[in-house]
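Two complexes follow with chain A in common, the first pairing it with chain B and the second with chain C.
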Partner chain A sequence: MRLPSPATVRWGLLVLLLVLWEGLPQTGLVPELFLPSLSKTLVALWAQREEYFDALLVTLSEVGIAMLIACGAGILTGALVGGIVTLRKLMLPVFSSLYAVPIVILYPIFTAWFGIGSESKIAFAGIYGFFPVMLSTAAGIRTIDPQYILAARSMGATLPQQIARVIIPASIPTVLTGLRLGGALTIIGVVVSEMLTSSAGIGYLVSRYRTILDSAHVFAAILMILLLSILFDLLARAVERRTLVWQTAGRQSRPGAAGSSPAVPAPAPV
Partner chain B sequence: MSQFQLVSTRLTLFAAFLAAWAILPKVGILDPRLLPPLGDVLAMLGKQIVRAQVQEAIGVTALEVVVAFLIAVPLGTVIGVAAAESDYFGQIFKPMLFYVFSVPKSIFLPMFILTFGIGFPQKVAYAAFSTIFIVIMSASAAVESVKADHVLVARSCGATRSQILTRIYVPSMMPVLLETLRISMIFNFTGVMIAEMYASRTGIGHLISNWGENYQMPELFSGIVLLSAVAISFNEAVRLLEGRVSRWRT
Partner chain C sequence: MSAIEVDRLSHVYSGAEGGVPALQDISLSVEPGKFVVIVGPSGCGKTSLLMMLAGLRHQSSGTILCDGRPITAPDPSRVGVVFQEASLFPWLTSLDNTEFPLALRGTPRAERRRRAEEMLNLVGLKGFGARYPHELSGGMKQRVSIARGLVQDPPVLLMDEPFAALDEQTRMTMGHELLRIWSKTRKTVVFITHSLTEAVYLADEVLVMSPRPGRIIDRITIDLPRPRTYEMMATDTFGKLRERIWQQIRKPE
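Our next item is the complex of A and B:
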């Protein structure tokens, strides 16, 4: 017997998952409190759509500002750390040691300093997203083929020309990977901090509905966050692919798998 | 710069950071109510660590971390090795794992609370859940790091299956496996911390979030200093070991 193709099995599993999500609670095998059925979740989402939409706007505005901070500061610091040899040797080991500290334990400090409004979320998520952006920018600049710079320099390119024509285009793929990881982390950072202490946003809805044991509304909010992070991931990957077109040089193995490419940092735990 | 200079510069910078933390709030350049000076924080740490309530919280947290680790790592390794060794299995699951991997795990925390309550099982289940995906991915990376040439040479020299396993697979996979342990411990620890900070009655994460809510800044900072020190020491110890076992590779 021939086995079905892996892609078919994958889609089959996804469909099975959705069917189970609908079926298990309906038949009473799993209590509705643990897992409200898919249809109930969607109905709950639709019934409170205005509330969810407002919360989404709050979350998105926080994510947007946090991403601007994380990407701006991350690219700037990463370029410095990656471009200046002494600074890189001095600082990179420090950053990889600090990576062991769960950033989430710093969140109480942010609420104490900035209050429980948007400011503390933006600060927390900004720091969450900053590290991957900074580390990948540094890696992107460090792993540029020295031949490119040598060629540009021997043809008489000035430093600004080298930066604009060689260093930036050659480091874009790695930097974009960092922006994708960092962007995903800022979304998570905002949602987690909203879940912990806040008064608005999707994460706040999750926590509020959980405390009153309204599972359908909790799952509706979870579903929204899932869709948000998957959408962002797809968008970021599409941008990455577009900019990769001209890059014919063999790219290193996929980032994320530990040990396979030390140039790109492992994603942060959440 | 030589290695010595690098290390000494790093230590100087670290000392300067500590000095700034100790002095700036003291002389009033930074508000000591927002950033208690280092001396006060360390004194508070000494005071807190002898309290029975704090010791109990540390014990609970440590147990949660260990149990979750013992569940996630063996289970994840088995799945990861299976995904790397069997082509069919791998083709089905690897793309899915990449997707699951990029999804934030913390949003599932409420599900774990609805299912397990807010006690010990929920912390362990959530931490194991948030760790297992990185273990799976690293374990399959570890299997793939075994060089086919090495296996071929061993086989043509007449090595048995068990010899290939102990002499080729284990030493080749060792550095990556240790890295797996290190990174999964980071994930695991973070998982326990988030779970405790989110909803809990005990544990060090619960204490930290309580101190933050009650604006007890010296207590809060002493907890953070303690946790950071533990996390960094564990990480560095495993890294040292990693360097040892991978020395033959170069």
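Our next item is the complex of A and C:
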């Protein structure tokens, strides 16, 4: 018998999961309070669709602004720290250590500074997403195969030409990896901070409905966050695929060269 | 006038206790259109010498003239370089890679295209312009590197162990191909290699370097007729020339 393809298995598992989500609570094996069935969750979502939609808009705008900050500042700082030796020696250990700090402990301070509105979420999520972007940009620039620079110099490239035509294109793969990680962390940052202290957003809905033990609405909010993250990941992958025709194959044929991305630390726990 | 004239070049790497002498009192002169091969043990500084000829590194003392003018910085209009590793940019196609030196100087696009395509044809890669480096074999990548080195039509081509990463058969073919390209373009070539067979097969003259600090300890004129053929490798003359170089290299210092 021919084995089904991994994709088929993955979709099968997803369907199975959804069937279990619908079936288990109905059998009574799992109390509705712990796990409301899929259909009840969807009904709850539909009934309060305006509330969820407004919350989604708040969350999305916070995520969007935080991502801009994280990516902009992250790429800029990463480029400076990765490209300038003295700055790297001075700052990189500091940034690497800071990355391991659970930045969520700073959130109460942010709410004191910026209030419980969107500003504190954006500040927190922006900083949270900043680190992987900055670290991978620095790594991307640091690990460029020196042979590329040498070749460009032999062909008469000036420093600005080396940056524009060699350093930037060569570091794009690692920078993109960082953007994907940083983007995901920004979403986490926004949702977590909304759950902690806030008055709007999907995270806020999760914690508000939880306090009144309305499981169906909690799960409806969770479902939306899940979809949001999956959507972001698909988008990020699509961008990576489009930009990196040369990268995937290069990785196989020349391990350790600029084509392969150096390991970016896994996201720190919130 | 010589294509390349090196006069009493020495180099010392700065380091603890006054530095490490890397190259010592090197003088050489290469006539235009000649194919000169430099051989020597690992670490003798032959790559450093080539970097200096390319203007990519500065010597501690001595002068390098190319076309009668000193080399102080990379000058792609006088010197083209082909490196050991395929140093092609993986994000550019073969054609864009070949065009790269011209793009740096702001040559108009149409002109660039035309020159690059001409060069790819010359190195036997007609129709491969749209391929990315990862879609090419090792030998093909080095062909693109040669095309890139020649695209600005410099009188001198420097080659740093260009075929070292290739398998034996591809290496032989590429050597033969290089001679064909050279006979068409009549460039002055300075070629660095570990392989004595490659040296004798390609060269008009072989310069043998000593272990560090690198000096030129022998100059051997290879008077085998051109065009060279694979059959020549089996001849007595070839064997003797190869043996003479080997004796120089293995000589304990």
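The criterion applied here is as follows: the second predicted complex is superposed on the first by the 241 of 270 C-alpha atoms of A that agree within 3 Å, B and C clash if a C-alpha of one lies under 4 Å from a C-alpha of the other, contacts with A are read in each partner's own complex, and residues count from 1 in each chain.
Following the convention adopted for this analysis, a residue touches a chain if its C-beta (ideal position, glycine included) is under 8 Å from a C-beta of that chain, and two chains touch if they have at least 3 such contacts.
Fair warning: this is a prediction, and the values are worked out from it, not measured in the lab.
Touch criterion met: A:170 reaches chain C, while chain B stays clear of it.
By the document's definition of touching, of the two partners only chain C reaches A:147; chain B does not. When chain A is checked against chain B and against chain C, the one touching more of its residues turns out to be B. When both complexes are overlaid on chain A, the residue A:192 reaches chain B alone and has no touch with chain C.
When the two structures are aligned on the shared chain, A:89 is found in touch with chain B, with no touch to chain C. In the superposition on chain A, A:155 contacts chain C only, with no contact to chain B. Residue contacts after overlaying the shared chain place A:97 against chain B, while chain C stays out of touching range.
Once the two complexes are laid over each other on the shared chain, residue contacts for A:226 go to chain B alone; chain C is not touched. Touch criterion not met for A:21: it reaches neither chain B nor chain C. In the superposition on chain A, the residues of chain A contacting both chain B and chain C are 258-259.
Chain B contributes residues 1, 6, 9-10, 13, 34, 88, 91-92, 95-96, 98-99, 101-111, 113-115, 130, 134, 137-138, 140-142, 144-145, 175-176, 179-180, 183, 186-187, 189-191, 193-194, 197-198, 205, 208-209, 211-213, 215, 217, 220-221, 223-224, 227-228, 231-232, 234-236 to its touches with chain A in the complex.
Interface of chain A with chain B (complex): residues 3, 6, 9-10, 13, 33-35, 86, 89-90, 93-94, 97-102, 104-109, 111-113, 184, 187-188, 191-192, 195-197, 203, 206-207, 210, 213, 215, 218-219, 222, 225-226, 229-230, 233, 254, 256-260, 266-267, 269-270. Across the interface of their complex, chain C is touched by residues 145, 147-148, 150-157, 161, 165-166, 169-170, 172, 245-247, 249-250, 253, 258-259 of chain A. Considering their complex, residues 54-56, 74-77, 79, 81, 83, 85, 87, 89-91, 100-101, 103-105, 132-135, 148 of chain C touch chain A.
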